[in-house]
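In what follows, chain A forms one complex with chain B and a second complex with chain C.
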Partner chain A sequence: MIGPWWRIGWRNLGRNRRRTLIAAAGLALGYFAVVVMVGLMAGLTAEMIENGTGLLTGQLQIHALDYRPDRSIYRTIGGDDGTDVARLLREVITDTAVAGAAPRVYAGGLVSSGEATTAGILMGVDPNREPGVSRILRSVVRGAVPANGQSQILIGTEMARQLDADVGDTVIVVAPAADGSMGNDLFTVSGVFRSGMPELDGSYVFVPIGSLQQLIALSPGRVHEIAASTTDPWLAPIAAGRLAAEFSTSGLTLEVEPWTRLRPEMLDYARLVEAWDYFVIGIVFAIAVFGVANTMLMATFERRREVAVMLALGATPAKIVLSILSEALALGVISLIAGVAITLPILVWWHTAPPDLSWLYGDFTMFGALIRPVLRVEYKPAVAVLTGVALLLTALIAALYPAARAARMLPADTLSGI
Partner chain B sequence: MTARINLMIRLALRNLLRQVRRSILTALALIIGGALLMFSVSLGDGTHEDWIESAVRMGSGHIALQAPGFYQSRKIDDRLSEQARRAAEEALRSLEVARHVVNAVPRLTTDGLASSPNGARPAQIMGVDPVAEVGYSILDDKLAEGRYLESDDRLAAYVGTGLAEALQLRVGARLVVTAQDSDGEIAGQLVRVVGIFKSGVPEIDQAVIHIPLTTAGSWLGVGDDITTLAVLLDSSYRMSEVTSVLRRLLAGPIGDGELALLGWREAMPELDAAVKVDNLGNYMFQGVTFGIIALAIVNTILMAVLHRRREFGLLQAMGLSPRETGALVLIEGVILTALSGLVGIGLGIFVTWLFWRNGLDISFTWDADWSFSGVVLDPIIVPMFRLSRIAQGLVFILFIGAIASLYPAYRAARIDVAEAMKFDR
Partner chain C sequence: MRRPGYAAFRTVLVAFTVGVIGAASAHAQRTGRDIIDHVDRIMRGESSQGVATMEVVTEHWQRSMTMDIWSLGTEYALIRITAPKKEAGTATLKAGDDIWNYLPRVDRTIKIPASLMMGSWMGSHFTNDDIVKESRLIEDYDIAIGYEGLRDGVEVWELDLAPKPEAAVVWGRIVYQVRKRDMMPTWARYYDEDGALVRTFTFSDYKTMGGRLVPARMDARPEDKPTERTTILYSELEFDIGLDRGFFSLRALRTGEGR
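Showing the complex of A and B:
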């Protein structure tokens, strides 16, 4: 199987081990860099999608058909009569991709404490169900989550500062109600949350869903939204399709939207990042071609007398090309093994314990999603394989010119020392 | 000593010219690397400048002059004192500052609630001078419907599409803005929508309302007072320079704790982080490409050194010290990298300028509005060339060249003269 020309190629790598090592290091570095950079970009995308959907919105949302985009408080699921919320929730949760579902009610209003007043978005949530959909109730920094049936609210750190209110204080909440009146009531601050998103921390107020329905004169069967989380964000569109089909057969006119339709720009971004992966592979290996070509050119130049002897003894130019290409392939394989050996442990390490970069920069937002200052990497097996193929191709392409030059050599001239 | 260095430089140059193909092959990788470096750096800087420019024009400027507590409280109580405002306007007119200042506009900003018969939303209500604002803000260009505020408007409001949708507002519709006035009372003000804008940034489209400054002043009971003097500079890089000049000019006329200068980095930490992350990514990419290039250079120079063992042996036999032999290799490496670095940087700038000076249109990659950290992405990237970047690039390339030549130089210095002279191919 392994003919003499392959063996010649392999042995030539050992002729100058240091040179081989440096060339292999270049290719291995290229492999490492591509896989890690692609992993980092995927990490950024995953961070954006997870935080963008997992912090509050959820991966799926179900509304009455005419609720979005106006978000009028009258447009509840099932119209003015409402619906059997518990049954709807059960129906949503039975879908295989859905991990959790929770009902929500929205209203806009003013929150006052003492002299200070601030405007807020009042969101009625079910404290028992909401943690299965979003992380917002888990980001409480002081106090506790409001309990069902109590006149308690959870406010953000920024609003707490503006109102100069803290856990245990009483605040007045005023909101336009569905019956045309102004609903107002006293609430106790049960806790303060910090999400890191300025809009949330400054203007969102979480109220037990029953208490908010009472405040804005909605009956318990009237909710604006059912939000659901899926086991994997990328399963959301399929799950949404399934749920929509199910609802239409059971006669409910509802809009089921996955995050990909709620936030199309996030999907666009994720797609662009994938296109970028190939660009990165292209640039890095295009540069690496020069390094390898240079090394191979010198290696063949050094052996020109030897090649001339082989040609003089009857080796065909094709065999010379074969030996040089096999040398390049062997170099590629060595680099690939080294590259994988370096990349894998670092990738696993960074994936399990992402390095903290908060010394360099703070939180920032992308498409309204919070990005933490950590170096998060995701595994992309397909790209790792593709990069390996690109590495081997790079080594072969880089060897083409040196091989062609060596094969076209004139043995007589070379041997006579010209 | 100088004669010796002269000799070595001449020797190094000759060696490079003797092996033109080898030199060119080594240089080529660096030239392409240098060109790529300049291309990505100038496009990156251009993109960032564009982000900053659009963010500061929609927000509170490169530098915001405010009462010290305002950034935290966003309350009407923390407004600029008459004296502080006069001193600030005086300082902005001084020659040192004025040449970098493009525009400065007064703002009376407060957080409040906007309500219509269809609901209520929290809003950021800005009292603006309609005439000055046109030359400052880009929101007036983002008009979707109706018109921007005009100088004789009284009860007019310019709102974002997000807010207009949420409250079901059309041009001509009425809305009530509610906020705490200077006495601590909740005050409402009826205004009529004259125009609707769409900036593409959800945070802005859902929250910002522009109303005439005079209307805001009487509604909140503050008269002619303002909360912020927003200053727009000719370039974001002037921020720290202008800030320190302003600090010096203002130290005399007004006391401590009356005025705070807030740069865009502090006012918009998210944008600052986004710029840093983007730069970090770019630096990482450059680091990797140059790492690969450096390894290629090490290999080429090392091979050349091993090839020239006889030559180095001869030089040492004729009196060159091992250290000087090493230095010769180092000088060769540095000359080669300096030349190819210059060519690469020149090429990079030239190509970028030639093809993309009017902007690289990347709008084909996305169709929706892309926004992050409070800025909307412009699909046309206009490169920005800066002298400091060219200097940085050159120093970086020289550094890579010098590092890559160190090991071959060390090998050349360690050549055993007698062995090297014996060596014959």
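Showing the complex of A and C:
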């Protein structure tokens, strides 16, 4: 494999080490820039997806077929008779990709304290199961999560402000019930949460699922939603398909929606960012091509007499091209090794301990997801490999023109100094 | 506490009003506005007291409630549910643009926030907004006579109500049909901003109650759920019974005074 022309190419690299080092540094830096930039963009996307789905939505949701989009309180899983919720939860959790599952009941209602009244979305949750699906119950800033079986509610900081109510206060909750009556009862504020999302903090009220079912006259077997979390957000669509198939074989007609369908705008954004990966690779290496081409042009120009001698001694132009391309390839390999050597440790370090930029920026929201101001970096092995290939290709493409020029020179003219 | 000059002001006002009405009747022509104003006042008088049954039929349940109703002008109303037992004592007070509900189960009064004005009142097909805005037609809408003539052998007006540009209303258009013979409303159709029919109120069972001819029955039917309806049936109605504003207080709402 290592023929003389390859060896010539390799040795030529060592003739002007400073120039070689500078060219290699440029390519290595390009590699570093692409992999880190793509990793950062993937980090932002992952942050958005994890926060957007993990805060409340869950990575997949199960409803009665006709529940969405109207969200009528009558459209419970299993129809008016309800279903065996515990069995359904067990079935969902046995899926390999599912990490946790929790039942939910929704109602629109009023929360009133003293003179103030505000409209809210009442969400019945199981305080024991919900933390396995979403982070919302973990965002309590005062007091505690409501306990199962108690007439307690958890309200957001904004609603607490509007109602001028705090932990321990009694509030009235009114909601139209499934039997046509106006469900109304007194509840104690057990805690106040802050999610950072204004629409959650101002209008969501978390109630133990049994207490809410009682308020709105739904039997314990009637729930609107089973929400589940998956071990990896990207496994949700496959898990949803598996669960839907499983339900249909056991005679349940349910809608199983992964976040990619519940929140299509997030999926679109993730896809757009992935398309940008290729743009970044393209732009960085397009710039690098000219740098490397310039270097190679200089290197071959300096050696024009030497090349002329080789041609005069009977070397074919193809061999000259081979020697210059192998020089470029060797340069690419050195750059790649250097690039990986500087990129890998920094990537691992950033991934395990993302630099916190909260001193510079506050939290911000994107597609209804709260994004922490950290430089989160995700590993993208496929992109790292692709970038490596792009780097080598860049070196080769950059050498094509100098190689062609060298191979086409006229030995006599060059040697005579023209 | 009569302010100086008030009597004079009132005299001027009365003179002006009489003048305007005189002018209107001199033309022997009723405007759409007059007709709607008349229809608006039929059920109310200066003050009124009545007993009504509200029957609500939905896809999922059907229930009937009996209630006592008091009103004063167009600004005040008090409704107290007397049956069934589960709901008895639940009351609604309307004062101007505000609505309060009294909930006997928790013995608390709550004010309905603006964001819930389009919410259902007591599970019926009426919204809280209907209760507040019921009497505002002539203020919030430009009224024109869209059709005048025979419909099914009865002489009627059909009035087109278009919201005034500055009016905070939810309907895109309302069409009211009123019988010419006795100025009784027969139906009202409510359209959304895209011109689609949303619901229809039908009036029937015209009878004399408290000395006036009134439609004793009103059916509300939502267009998107043809099997559903709310029917209000008046069994007693009296007018000009001398209620004053003090009757329509939050205290009265809670305690049920005045029964």
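Note that in this section the second predicted complex is superposed on the first by the 415 of 418 C-alpha atoms of A that agree within 3 Å, B and C clash if a C-alpha of one lies under 4 Å from a C-alpha of the other, contacts with A are read in each partner's own complex, and residues count from 1 in each chain.
As a convention for this text, a contact is a pair of C-beta atoms (placed from the backbone, for glycine too) under 8 Å apart; a residue touches a chain by one contact, two chains touch by 3 or more.
Small disclaimer: the values here were computed from a predicted structure and weren't measured.
After superposition on chain A, the partners chain B and chain C collide with one another.
By the touch criterion stated above, A:Asp268 is placed in contact with chain B alone, chain C being left untouched. Residue contacts after overlaying the shared chain place A:Leu186 against chain C, while chain B stays out of touching range. When both complexes are overlaid on chain A, the residue A:Leu396 reaches neither chain B nor chain C.
By the document's definition of touching, both partners, chain B and chain C, reach A:Ala119. When the two complexes are overlaid on their common chain A, residue A:Pro176 makes contact with chain B and with chain C alike. Of the two partner chains, chain B is the only one that A:Gly26 touches; chain C does not reach it. In the overlay built on the shared chain, the residue A:Ala404 is in contact with neither chain B nor chain C. In the superposition on chain A, A:Leu110 contacts both chain B and chain C. Once the two complexes are overlaid on the shared chain, A:Val374 sits clear of chain B and of chain C alike.
With both complexes placed on chain A, chain A has more residues touched by B than by the other of chain B and chain C.
With chain A as the common frame, the single stretch of chain C that clashes into chain B is 114-122; none of the other options in 24-32, 78-86, 114-122 or 240-248 do. Common to the chain B-facing and chain C-facing surfaces of chain A are residues 108, 110, 112, 115, 117-119, 176. By the touch criterion given at the top, residues 56, 58-63, 86-87, 90, 101, 103, 105-106, 108, 110-113, 115-116, 119-120, 122-123 of chain C touch chain A in their complex. In the complex of the two chains, the chain A residues touching chain B come out as 16, 18-19, 22-23, 25-26, 29-30, 33, 37, 40, 69-73, 108-110, 112, 115-121, 161-162, 175-176, 199, 202-203, 264-265, 268-269, 272, 275, 280, 283-284, 286-288, 290-295, 297-298, 302, 305, 360-368, 371, 373.
Interface of chain A with chain C (complex): residues 74, 80, 108, 110, 112, 115, 117-119, 172, 174, 176, 178-182, 184-186. Taken together, the chain B residues at the contact with chain A in this complex read 22, 25-26, 28-29, 32-33, 36, 72-75, 111-113, 115, 118-123, 165-166, 168, 178, 180, 184, 186, 202-203, 269-274, 276-277, 280-281, 284-285, 288-289, 291-293, 295-296, 298-300, 302-303, 306-307, 365-374, 425.
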